[in-house]
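The structure appears below as structure tokens.
For clarity, chains are labelled A, B and C in written order, and residue numbers in each chain start from 1.
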Amino acid sequence: MFARNLWYVAAWADEVTTVPLARTFLNEPVVLFRGTGGSVAALEDRCCHRALPLRHGDVVGDCLRCAYHGLEYDLNGQCVRIPGQDKIPSKARVKAYQVVERDDLIWIWMGEAEKADASKIPAYPWHRDSKWKYRKNTYLIDADHLLIYDNLLDLTHLGYVHKQTIGGDAETHFAATTKTTRTDNGVRVERWMLDCVPPPTYTSSYTFGTDRVDRWQEIEFEPGLVRIFTGAKDVGTGAPEGNRDGGFGFRGLNAMTPETDDTTHYFWSAAHNFRLDEPSVTDEIYRNIVITFGEDKEIIESQYRSMKRTPDRPFIDIGFDIAPVQARRLWAAMIKAESAPAPL
Amino acid sequence: MFARNLWYVAAWADEVTTVPLARTFLNEPVVLFRGTGGSVAALEDRCCHRALPLRHGDVVGDCLRCAYHGLEYDLNGQCVRIPGQDKIPSKARVKAYQVVERDDLIWIWMGEAEKADASKIPAYPWHRDSKWKYRKNTYLIDADHLLIYDNLLDLTHLGYVHKQTIGGDAETHFAATTKTTRTDNGVRVERWMLDCVPPPTYTSSYTFGTDRVDRWQEIEFEPGLVRIFTGAKDVGTGAPEGNRDGGFGFRGLNAMTPETDDTTHYFWSAAHNFRLDEPSVTDEIYRNIVITFGEDKEIIESQYRSMKRTPDRPFIDIGFDIAPVQARRLWAAMIKAESAPAPL
Amino acid sequence: MFARNLWYVAAWADEVTTVPLARTFLNEPVVLFRGTGGSVAALEDRCCHRALPLRHGDVVGDCLRCAYHGLEYDLNGQCVRIPGQDKIPSKARVKAYQVVERDDLIWIWMGEAEKADASKIPAYPWHRDSKWKYRKNTYLIDADHLLIYDNLLDLTHLGYVHKQTIGGDAETHFAATTKTTRTDNGVRVERWMLDCVPPPTYTSSYTFGTDRVDRWQEIEFEPGLVRIFTGAKDVGTGAPEGNRDGGFGFRGLNAMTPETDDTTHYFWSAAHNFRLDEPSVTDEIYRNIVITFGEDKEIIESQYRSMKRTPDRPFIDIGFDIAPVQARRLWAAMIKAESAPAPL
């Protein structure tokens, strides 16, 4: 059961080319392609003739041609050519999904067509901001997407899951001041670890002026993604008061799109705001995230298999579950609203 | 749901030796073997003692001995020895299937025993004809067998699926004259492409006298197999009128036997009628078919997965579907006849 | 359907260390670990917080700490620490299973807790006896555990399945005198092959005084394991009368613990009572068993797949099935007793 009336990330913009890209979203097989005119389209990945997935096809102009018997579909899914015959039945078409290219991402609308509103697409301007450099990847996670939100919204696991990498000492994380607030459309967590030792992943690419820093973590959830802004500055140089210039700043995009009931596309990017001209720094930060997310992936997938085995057993909540629990309530409310009968 | 009352190909004759060969047909596990006397038998692949598949056993004379506790079965499936005891219960037997060796093939009858009639076995004399040379293979296709008939009966896909190999230009295929006729027991398609350029797979092994040829494709379907006879001769030398001597002639056997609901044994051979003394020519023609069928296999298996996902969605038919649709009707009629109550 | 109220082998003692060992028994995922104090515990492999399997965790003192958010469980499954909070809900606990370390094995009780009685644990003193040397292994068999009992209790298969290894001539095995008796808690088979040629696996590590030997096989079944005592002595030197000193003696432990309905843990050891100071002899005997059990594994797993396909079809019994049939009756009676309503 997924919320459908929201924009999900379908792909990185540079993944969608004139070579068709097949991806399943919310259990529906979709084929993405870019016409030779540059427009992006997302069609149902099933030819209406004999069901061959269109992923095998070729882009011909602004059409996708089925690899089996050559039917051609335009960007709207309408069949515009049937080899060997002039008449094209009006039913010869496949479903088309609305897509928007923005912030280096392709966003897709899997819900009720008339409710799609491109102005509601979550912003992620840092992909286009010259003060930031980023690298990105796409993972397939063998777990329900909600487990990834749980993980991202609860940063106390850093001290356990990531004790060898970005985590550092577990006690530091429990001692952090944590403020959780509801936003218009999501949940926001702000944490401060004042006067602490920076973790190895910070010092490996950034040189602080002192041994101790003020360290922050801001996590913004809205359905479809989590923005993470973390960083640190020399202790006592004004970070908590709002001046974060000149420190170590990291921005992470985490966009989750359900593939099936049991699997999730995880699109992530890692951006930094210092040493912008040194690709090796960008690479080093990226590599740290690869390691970190690899640790999370192993935990989350094992956790999901365990949950699937006993789906009805209750959990014991603990204090740090506030933000994840709020996010889950928000999803549940969306799903409930979508399944409610329309107002009179 | 399979038609059962017909002869299916079970194996190539040289595949069946004194080393048992296990194969599933129509969801039933069968073990084929050749007694030391040369006779071929096909038994249920399950020992009646403790269910061990007999495939693990040894041929001893004209018997198959179970690998676990040594029960021995004769060619008719009757247990004729139980180690350590003299009395053999009459129930100690396994099912035996009727098999016939003909045209280098082993044919099996999976239907009602009393309806088996070896004179109804489809002929394929070219395996034994000194004017033809052939090579063969056995594929397992992850798809319903009907999809393979669809593929073989509609040669317009040559221009798309096989554009790099036997296909050549797609438009040539649409422009071909096509005559589809019902035969006693099947469907026959005859196509002519007059005054056209021969495809690369023809010219790679045969030297025509001119640049342009008259090219034919004859496809004969009957339940269980499709015979394909294709070829070309120098343009205007009488091929359409019936004189095909001296040209490039190819005969393909395509025998499909359902393994399970989702998988099909595909036995095929490729024969040619020129340069018979040059094994490299036979090999070259065989290799072209390997490549071609590899392309078909990928398409058909992907198509089948797609169909399985949405089994109840209708298809849009196009003009070229005549022969495949007729063949499917014939199968449906056979299945209906088999499930009808017996006449009074 | 498993009998639960008996002690099953869970692991070899040296497999259980401060690195958690995850194993499923009777369809229940369990994690075994050894506290730093040396005690062994077996807990449900599912954290009560968010279901992460505890196998990922770390042993901290005599506790197991969950790898995700750090909850700590003691040897009894009680949660004794929740990071970041003082109060621990009483429901914060996981199931603990009773375990006993004995004879180099860890035994586990998966049944009703109040019925566990460590004095009922089957004895296997030869692991701790200086007159015997052994090597061991743990296999996972893709079959129901009862098929392994069938195999071990019927040694006529030696002449077929193991004709290349420990079997030797099949006729020798049928000619053996076989005595099958019910014991208090199981079945005992005693077989003698007098004045016969010793099999290659005997002569490869032991030099007899003569060409012919008296050979014995004693098989003791009780639910959970089979003890095998086989050997041979120079013909006519008193073995059948009870004097087995100075011959070739072999003791095999075979302990089967269901993992799931379809898979079984198979713990086995191979001990011998001669040339005790020569590790190469112990290795040679071990290697012979590895080969032999590999042959059995292939047969048993194939047999199980075959049985699963047609679960309701009956079997034909033969004379040598007496002991296996008795053992199966004993299991059936245990299962029936466990599912019976408690007495008033």
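Rule of thumb we're sticking to: contacts are C-beta pairs under 8 Å (C-beta built on N, C-alpha and C of every residue); 3 or more make two chains touch, one makes a residue touch a chain.
Fair warning: this is a prediction, and the values are worked out from it, not measured in the lab.
A.B. asks: Considering only which chains touch which, label the overall pattern as line, ring, star, complete or other.
C.D. replies: complete
A.B. asks: Quote the value, from 0 to 180 degrees and to the nearest 5, of the angle by which the CA atoms of chain A must be rotated to coincide with those of chain C.
C.D. replies: When the C-alpha atoms are superposed, chain A turns by 120 degrees onto chain C.
A.B. asks: List the interface residue numbers of chain B and of chain C, divide the shared ones by all numbers used, and answer same when the ratio is over half, different when under half.
C.D. replies: Counting shared over all numbers used gives less than one half: different.
A.B. asks: With centres defined as the mean C-alpha position, give me the chain B-chain C separation in Å.
C.D. replies: Here chain B and chain C have centroids separated by 49 Å.
A.B. asks: Any chance you could list the residues of chain B touching two or more other chains?
C.D. replies: none
A.B. asks: Where on chain C does chain B make contact in their complex?
C.D. replies: 150, 154, 156-157, 159-161, 170, 174, 298-299, 302-303, 306-307, 309-310, 313, 315-320
A.B. asks: What does chain C use to touch chain A in their complex?
C.D. replies: Residues in contact with chain A: 29, 45-46, 48-53, 56, 65-71, 79, 82-85, 89, 91-92.
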